[in-house]
Amino acid sequence: MAKIANKNSRKIGLPPGTLQYIGKERSEPIDISLFNYTQDHLDERNSIALEEVISYCKSDFTTWINVNGIHNVEAIEKICTYFNIHSLTIEDILHTDQRPKLEENEDYLYLVIKMLEYDEQTKRLQTEQVSMILGKNYVISFQERAGDTFEPVRNRLRIGKGRIRKAGADYLLYALLDTIIDHYFFLLEKIGDDLEEIEEELLVSPGTRSLTNLYNLKRESVLLRRSIWPLREVVNKLERDDIKQIKKETRYFLRDVYDHTIRVIETIENFRDMLSSMLDLYQSTISNRMNMIMKVLTIISTIFIPLTFIVGVYGMNFVHMPELEWRYGYLGVWMIMIMVFITMILFFRRKKWI
Amino acid sequence: MAKIANKNSRKIGLPPGTLQYIGKERSEPIDISLFNYTQDHLDERNSIALEEVISYCKSDFTTWINVNGIHNVEAIEKICTYFNIHSLTIEDILHTDQRPKLEENEDYLYLVIKMLEYDEQTKRLQTEQVSMILGKNYVISFQERAGDTFEPVRNRLRIGKGRIRKAGADYLLYALLDTIIDHYFFLLEKIGDDLEEIEEELLVSPGTRSLTNLYNLKRESVLLRRSIWPLREVVNKLERDDIKQIKKETRYFLRDVYDHTIRVIETIENFRDMLSSMLDLYQSTISNRMNMIMKVLTIISTIFIPLTFIVGVYGMNFVHMPELEWRYGYLGVWMIMIMVFITMILFFRRKKWI
Amino acid sequence: MAKIANKNSRKIGLPPGTLQYIGKERSEPIDISLFNYTQDHLDERNSIALEEVISYCKSDFTTWINVNGIHNVEAIEKICTYFNIHSLTIEDILHTDQRPKLEENEDYLYLVIKMLEYDEQTKRLQTEQVSMILGKNYVISFQERAGDTFEPVRNRLRIGKGRIRKAGADYLLYALLDTIIDHYFFLLEKIGDDLEEIEEELLVSPGTRSLTNLYNLKRESVLLRRSIWPLREVVNKLERDDIKQIKKETRYFLRDVYDHTIRVIETIENFRDMLSSMLDLYQSTISNRMNMIMKVLTIISTIFIPLTFIVGVYGMNFVHMPELEWRYGYLGVWMIMIMVFITMILFFRRKKWI
Amino acid sequence: MAKIANKNSRKIGLPPGTLQYIGKERSEPIDISLFNYTQDHLDERNSIALEEVISYCKSDFTTWINVNGIHNVEAIEKICTYFNIHSLTIEDILHTDQRPKLEENEDYLYLVIKMLEYDEQTKRLQTEQVSMILGKNYVISFQERAGDTFEPVRNRLRIGKGRIRKAGADYLLYALLDTIIDHYFFLLEKIGDDLEEIEEELLVSPGTRSLTNLYNLKRESVLLRRSIWPLREVVNKLERDDIKQIKKETRYFLRDVYDHTIRVIETIENFRDMLSSMLDLYQSTISNRMNMIMKVLTIISTIFIPLTFIVGVYGMNFVHMPELEWRYGYLGVWMIMIMVFITMILFFRRKKWI
Amino acid sequence: MAKIANKNSRKIGLPPGTLQYIGKERSEPIDISLFNYTQDHLDERNSIALEEVISYCKSDFTTWINVNGIHNVEAIEKICTYFNIHSLTIEDILHTDQRPKLEENEDYLYLVIKMLEYDEQTKRLQTEQVSMILGKNYVISFQERAGDTFEPVRNRLRIGKGRIRKAGADYLLYALLDTIIDHYFFLLEKIGDDLEEIEEELLVSPGTRSLTNLYNLKRESVLLRRSIWPLREVVNKLERDDIKQIKKETRYFLRDVYDHTIRVIETIENFRDMLSSMLDLYQSTISNRMNMIMKVLTIISTIFIPLTFIVGVYGMNFVHMPELEWRYGYLGVWMIMIMVFITMILFFRRKKWI
C-alpha cells in the first residue's frame, strides 16, 4: 500500500552529505552496464565490475553508465567520486524519497524522477526512483532495481539509426526521460480502465466493495499526483532555462517531452475530477436506494397497520358489542377493510410512490 | 463514451519523430482539396491526387490545402516533407490526442485545435483533431474526416467579397479558427438546452434517470473543458506575441477570436457551476422526499399502534375483567380511542407535519 | 429566466464584421438624443432623426449622443460610419452577448458594460448591454431600450454645476460609468433583502419552497458574477493604463469607480458564500428534522410494540392458561405493562430523546 | 446582525464629491480633541469647538486631531477644507461602507480601516469605520463614535516616554494603526472561545442550537474576512512603497504591523477552516445518531413483530385448532417465543448492533 | 489541545518594543550554554551565568550561545543588548506566537521557527518557538525550554569532523535549521501511523470514536500547517536572496533544506487530502450501514405485518364467521400465510435485498 508518509527518521541529526541508503531493503547485487558510442562505433558492456567502469570511459565517446540497485553505498560513492559528484547529490541518489527535481551544478546536471508501476491485482502503485546525471559527455542513470524500461533506448543505440548516436549525451538524457514519461501513459490507461470498471459497477449495483475500490483509487491518485506534479517544473526548466549542458537542438525535443508531461498531469487531474464525481454519484445512489426501501416499508405499514387495528376492534371480548351479532357484520368489516385498502392505494398512486 | 484516458501506449519506446497514426481506425481514402487565390483569381481543386498537390502551388498565390483524413501516414508525410515540416510536427499531426497548442517554427506556425460534436441522442461529445500549418503564403489544414465546418470559409473565398481574398494566409488561418470557435457556441447551446431539461426534471420529479443524466453531463464537461481550456493560451499567444507569420492587421481580428474563446470558456465554467448546483439540488430534494415518506409512516404508525394496543387489551381472555361486562364498556373504549386519535392529530398539527 | 447559454448560433460562418443584430426581438423605433455643451452653453435635443445627428455635432463642443435601441442595424451603422468606427466594433455593439470589455482603438475607446435589473416578482435578473464610445470630444452611448438610468447625468448637465460641464468627454464617460455601477448597489440591496428573507425562512420552517428559491438565487448569482467580474479588469485598465483619451484629472475619479467595482464584486462573492452556507444549513436542518421524526416513530413503536405483544399473549385461546383464571391476573398484566412503559420512558430519558 | 449587503442606494446619481453622511443614524454631537506636541511640549485640548481647531495648529508642532462622530457633514467639511483635503476623500470619510484602503495624494495620505467589536451576548460583530489622514506634520483621525481604543496612545503621548513624542506624525499614524490591529487579537480570542464552546457542544450533544450558532459564526466570519483581508495590501503598501509621508525609520515599525496583520488574517482563515470541519462533524454526528435511533427501532420491531404474530395465531377463533387443547400448548408457545427471541438477540450480536 | 486562537490580548496598547514575555508560565531558571570554536579549538561551557556570557565571546572564534527558557525578560534583554539587537526583535523573541519568519537587519539576521512535538497519547501537537540570531561570527538560539533536539549538532561540533568546525556561523545556523526540519519528518511519520490506524478502523468498524479521532487530527493538521507553511518562504529567502550574512558555499546546503521543507509541506497536504477522503469514506459507510439497518427492518416488517393482519382477522368474535367452523379453516389460513411469506421472500430476492 502507498504509505501516506515515508520513513525518513533514520537520518535525523546526521551531518549533511552523510551517505546512507534509505529505501526498501534489497539483497541482489548491484548491476552496472555501460555504453560507449560515437556516430560510427558502439561498445556495449553488461554486468561489469565496479573497477572496470572508469577504465572504459573515453573522452571522445559519449558514455552511458546504467546502475541497477543503489543499496550498495560504497559502490555508488566510488562511481560518483570518479565523476566529481558533490556529496549532497550522492546523498540524494541514495535517498529514495526525493521529489522529482533538477539541480544544476557546475560540472553536471542532476535529475531525479519517479518510475511508476500499477499492480492491477492489488490495485496499488509502486514507485521507483531514477536518478540521472548529465555531464559533458556522459550520462549516469541509477535505478533501484533492474527493469526493462530503458530497453527501447538500448535498442535504438544498438541499431544506430535516427538521431540518437549522432547527438550527444544531452539527447541521450532526453531519450531516457521520454521513455519514462511515455511509460506513464501506459500506467494511466490501466488506471483509467479500472476507473471505468468501477463507474460501471456504481451505475449498476453500488455496494461496499465499489466504495472501497473508489477510496483506494483516490488514495493512490494522491500518490500519483505527488510523484508527477513536480515533473512539470523540472521539464519546463530543462526546456526553457539556458542550461549549458543542453544543446539548442535538443531543447526542441524537450519541448515535446514537456507537452507529454502536461498531458499526463491533465489526465491525472481528470481522474481526480472523475473520482469525486463518482463519489457524489455513489452518495446519491445510496440515498436513492434508501428512499426506495423506505417507500416499501411505508406502503406496507401504512396499508396494514390500520387494517390490523380494525380486526383488533372486533377481537375484543365485550359482552355488549352489537356488531358482533349482526347478520352481515363480518361481511361489513371486510367491506370497510377493502375500502381502506383501495383508498391507501389511490393515495400512494397520487403521490407517485407506486 | 468519452474515454477518461486515451490510448497512447502503442507508442512507448519508439524514437521521437517515428511516424505512426494514433486515433480511430478509418477506412475511407484521404481526400485533398486545394484553393489558390489572389484578390482577383481563384483556382479551386477538389479530391486531387497526392502528386498533384505540389504542382498546383504557386509562389505568388495564397494557397490553402485541406486534407480530410490523416490515417494514411505516407501521404501526410509526403505533403509535409514538401513544405519542410519538422518530423516532430508530423508526428503531432498524426497523433490525435494532442492538447490544443501553438508551436512556432522557423518557417511555419503549427496550430492544433479540437473540433467538437455533441450527439444529442447518446448525449456524448465527439472530438476531432484539426491541425493547421501557416507558412509564408500557404495554410495546410488536416482534419480527421470530411465535414462541412469549413464550408462557409470556402464560400467566402468563392464569392470573393470582404477581406478574405485580399488578405494573406494569416487571415485565412484566422477565418478557419474563427469558424471552429463559432461552432463551439452552437455546441454549447445544445448542451445548455439539455442542462435546462434536466433542471426542469429535477424540480418536477427527480429520479435515477436524472441522476444518471446529470452524471453523464458532468463527465462530458470534463472532456469539454480539457479540449477547450488550453485554447485560451493558444489564441492569446497568437494575438499578443510578435509572431512573424501574423500581420499586424490580422492581429486585430485575432483579438476578436480571443474574446470569443473567453466567452466559450466562461460558458463551460457556468455549466460546471450549474451542474454542481443541480447535484446539490438533487441531494436536497431526495432528502426532502425521504422526510415526507418518513412523515407519512410516522403519522400512520403513531396513530394506530397505540389504538391497536387498546383493542388488544380488551381482546384478552381473562376471566375477571370487569370492563368487559359494563353496559357502556364498548362505547367507552371507542370514546377513549377517538380521544387518542384527536390528541395525536393535534400533536402533529402543532409540529406542522400535517 | 437567465439562460445558461446564450444563443449565438445565428452567426456561425459569417465573415467577421458582418453586421447583424443579435439580441431580444424589439419593435419600438430607436430613439436618439443629443447633448452639445461647453462650460457656458448647453444644447439638448431629444428624439432627433438619424440624419440630424451629424449636423448637430460641433468641433468645439463636447457632444453626447445617446441611442436607445440597437435593433436597427442600418441606423447604427450610419452613425458609426460617420464617427469612423471599425466594423468589428459595430458588430460588437449589435451583438448583445458581449462580456464587459474595453478596447483601445486609434481614434476612440470602446467600452461594453452590462446594465442589470432584478425583478423582485419573478426573482429574475435582466441584463441590458450598454456600449459606449469615447472619441476626442464626443461620447456615444448605445442602450438596448429606453430607460432612466442616465437621467441623473442629464440633470447634472442641465444644471451645469459641479465639474461635469467644465470637464471634457472623458469625464462624461466616467459619469455614465459611475451611474451604472452605483445602480448595481441598488440591485445588490434588493437581492440581499431576498437572501435575508430566505435565511429567515430556513431558520424557521425550511421547505421545498425555500430550497427552490435558494437554487434560483444561486443560478442568478452565476449570471450576476459573469456580468460583473470582467468589469474589474476593464475599470482597472481605464484607471491605470496610459490611455490617451483619458485625461489625468479624470483618472482620479476613475480610481473611485474602481473602488466601487471592487465593493460590488466583493458583495457578490459574499452572496455566493452566504448561499452555500445556507445550503449547508438547509441540509443540516433537514437531517435534524428527519432525526426528530424518527425519534417520535421510534419512541411510540418501542413503547407500544412490546405492550401489544403482552396483550396478544393473553388473547390466545389455549384451554390451559392458568393466568387467565387467576383473581388478579388482569390487574397483574396491567402492572407489568405499566412497568414496561416506565422502563421505556426512563430508557429514552437517559438517551436524552425526551 | 451583520447585513449581507449594505445600504448604498441613497447615493445613486449624485455627482461625485457630493458630501452626504451614509451610515447609522446618530444624534450625539460630534466631539473633537487635539494634541499638539514636540519632544518637550504637549498641549492637550478636549471637546473643543470646531472654530478653535484651526487656531490651535502650529507649524513646528506635530498635531493630532481626533474627531468622534462624522454625521455632521458641515463640520467634517470645514475641517477638511482647512487641510486642503480633496472632495472625493471627504466623501469617503463620510461614507461608512468603505473597504480598508490607502490613497496617496499629493499633500496627504488617506487611510481607511475598520474597528471591530464582538458582542458576546448577541454573538454579532459591529464594525466602525476609522479614517486617518496623514499630512506633513499632522494626523487627523475620524471615528464614528466615541470609544477608548486610542486611549493607550493618548497615555503614551502624555507620559512622553519612548519614541512617540520624538518621532513625527508618521509614527503617530503607526501607533494608531498598531492599536487597532492589536485590538483585533482581543476580538479573535473572544470568537475563538465561542468556537471552542460550540465545538464542545457538538462533541457532547449536537442540536439545533449548536447548528444555529455555527451558522451565525460562519456568517460573521464572512463579514470579518471582508473587513480585514484588504488590510493586508494596505499595510504592505505602507511598508513597501516609497511613500514620501512615511520616514524610513517608521517603515521598520510598519513591518511589525504587517506581521501582525498576517497573523490576524491567518487566524481568521483558521476559524473558517475550523467552522467547515465542525459542520462536517455536525453532519456526521447527526448521521450517527440517526443510525443509533434506527437501530433501536429495528431491534425492538424485529424482535416483537414476529412474536406478536405468533400470539396472534393462537388468538384465532377456529373451532378446529388442535394445539389449543394440548396440555402443554401454552407452554410450548412460550418455548418457541423464547427461542425466536434468543435467535434474534444472537443475530444482532453477530451484526454488532448490540 | 491546540488553541484555535492564541492569547495575545495582554499586550494591547503597549508601545512597540515593550518587553514582555508572552507564552506558557514556566518556573525553571533559564539555562545558557556556549560553544566557542575554530577549526582547531573548541571551548564548551554549560549552565553558565548570565554575566559570564559576554566575557567568553572572542572575536576570532565562532560562537554559539544557546538559551533554554525565555521567560526571564531581563536576562534575555541583557544578552540581546550586548549584541546590539533591536528592541522589536527582542519583543519577537519573547512573544511565543510568532509565525516562522526571517528578518534582515543591518548587523544580524533574525529567524523564528517552530519546533513541534506530537504526543501520541493525547494525540495533540505541541509547539515550541525557536528564535535564532545570526551575526557576523556568532549564532544565538533561544528555546522555550530545554530539549535534546540540538544534541546531534553539539556532537558534531565536539567530534569536529566534517565541515561544521571549518565553516562559519552561517553554516552553524544551517545545521540547526536542518536538525529542526529533519525532526519534522519524524513527527509526520507518527501522525501518518495514526492516520493509517484510523483508516483501518474506518474500513472495519466505523464508529463515533473514529469520527472524533478524525476530527481531532483534522484540527491538529490546521495547526501543523499554520506552523510550517510560512517556513517555505523563509528558507527560500535564505537560499535565494543575496543575504550578506550567508556565504555562497552555505547557500548550496540551504537548497537542500529547502527541498526538505517542500517535502514536509507536501506530506502535510497529503495528510489533509487523506483526511478529507476519509471523512467522505466515513459518511458513505454510515449511509451504507443505515441502508442495511433499514433493509432488515423493512424485510421483517413487510413479512410479518400482513401475516399479523391475517391472524387478526380470525381472532374476531363475530357470531357469523363461516370460515371458523370449516374443517380445514385453520390449515387453510396457514397455507395462505406460507404463500404470503414465500411471495415476500421472492420479492426481496428480486430486489436483491437478501
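Which chain is which? They are A, B, C, D and E, in the order written, and residues in each are numbered from 1.
As a convention for this text, a residue touches a chain if its C-beta (ideal position, glycine included) is under 8 Å from a C-beta of that chain, and two chains touch if they have at least 3 such contacts.
Predicted model only: the values in this text are computed from it and were never measured.
Each step here moves to a touching chain, and the least such steps from subunit C to subunit E number 2.
Spacing of subunit B relative to subunit E, judged by their CA centroids, is 42 angstrom. One simple way to say how far apart two chains are is to compare their mean CA positions; for subunit A and subunit B this gives 26 Å. Residue positions of subunit C touching 2 or more other chains, listed in rising order: 283, 287, 290, 294, 297, 301, 305, 308, 312, 315-317, 321. If you draw each protein chain as a dot and join the dots that touch, you get one closed loop, with every dot joined to exactly two others. Touching chains close into a ring; read starting at subunit B and passing to subunit C, it gives B, C, D, E, A. Residues of subunit C that touch subunit D in their complex: 151-153, 155-156, 161-164, 175, 178-179, 182-183, 185-186, 188-189, 191-192, 195-196, 203, 252-253, 255-256, 259, 262-263, 266-267, 270-271, 273-274, 277, 280-281, 283-285, 287-288, 290-291, 294-295, 297-298, 301-302, 305-306, 308-309, 312-313, 315-321, 352-353.
Interface of subunit C with subunit B (complex): residues 3-5, 7-9, 11-17, 86, 88, 97-99, 101, 103, 205, 208, 211-212, 215, 218-219, 222, 226, 279, 282-283, 286-287, 289-290, 293-294, 296-297, 300-301, 304-305, 307-308, 311-312, 314-317, 321, 323-330, 333.
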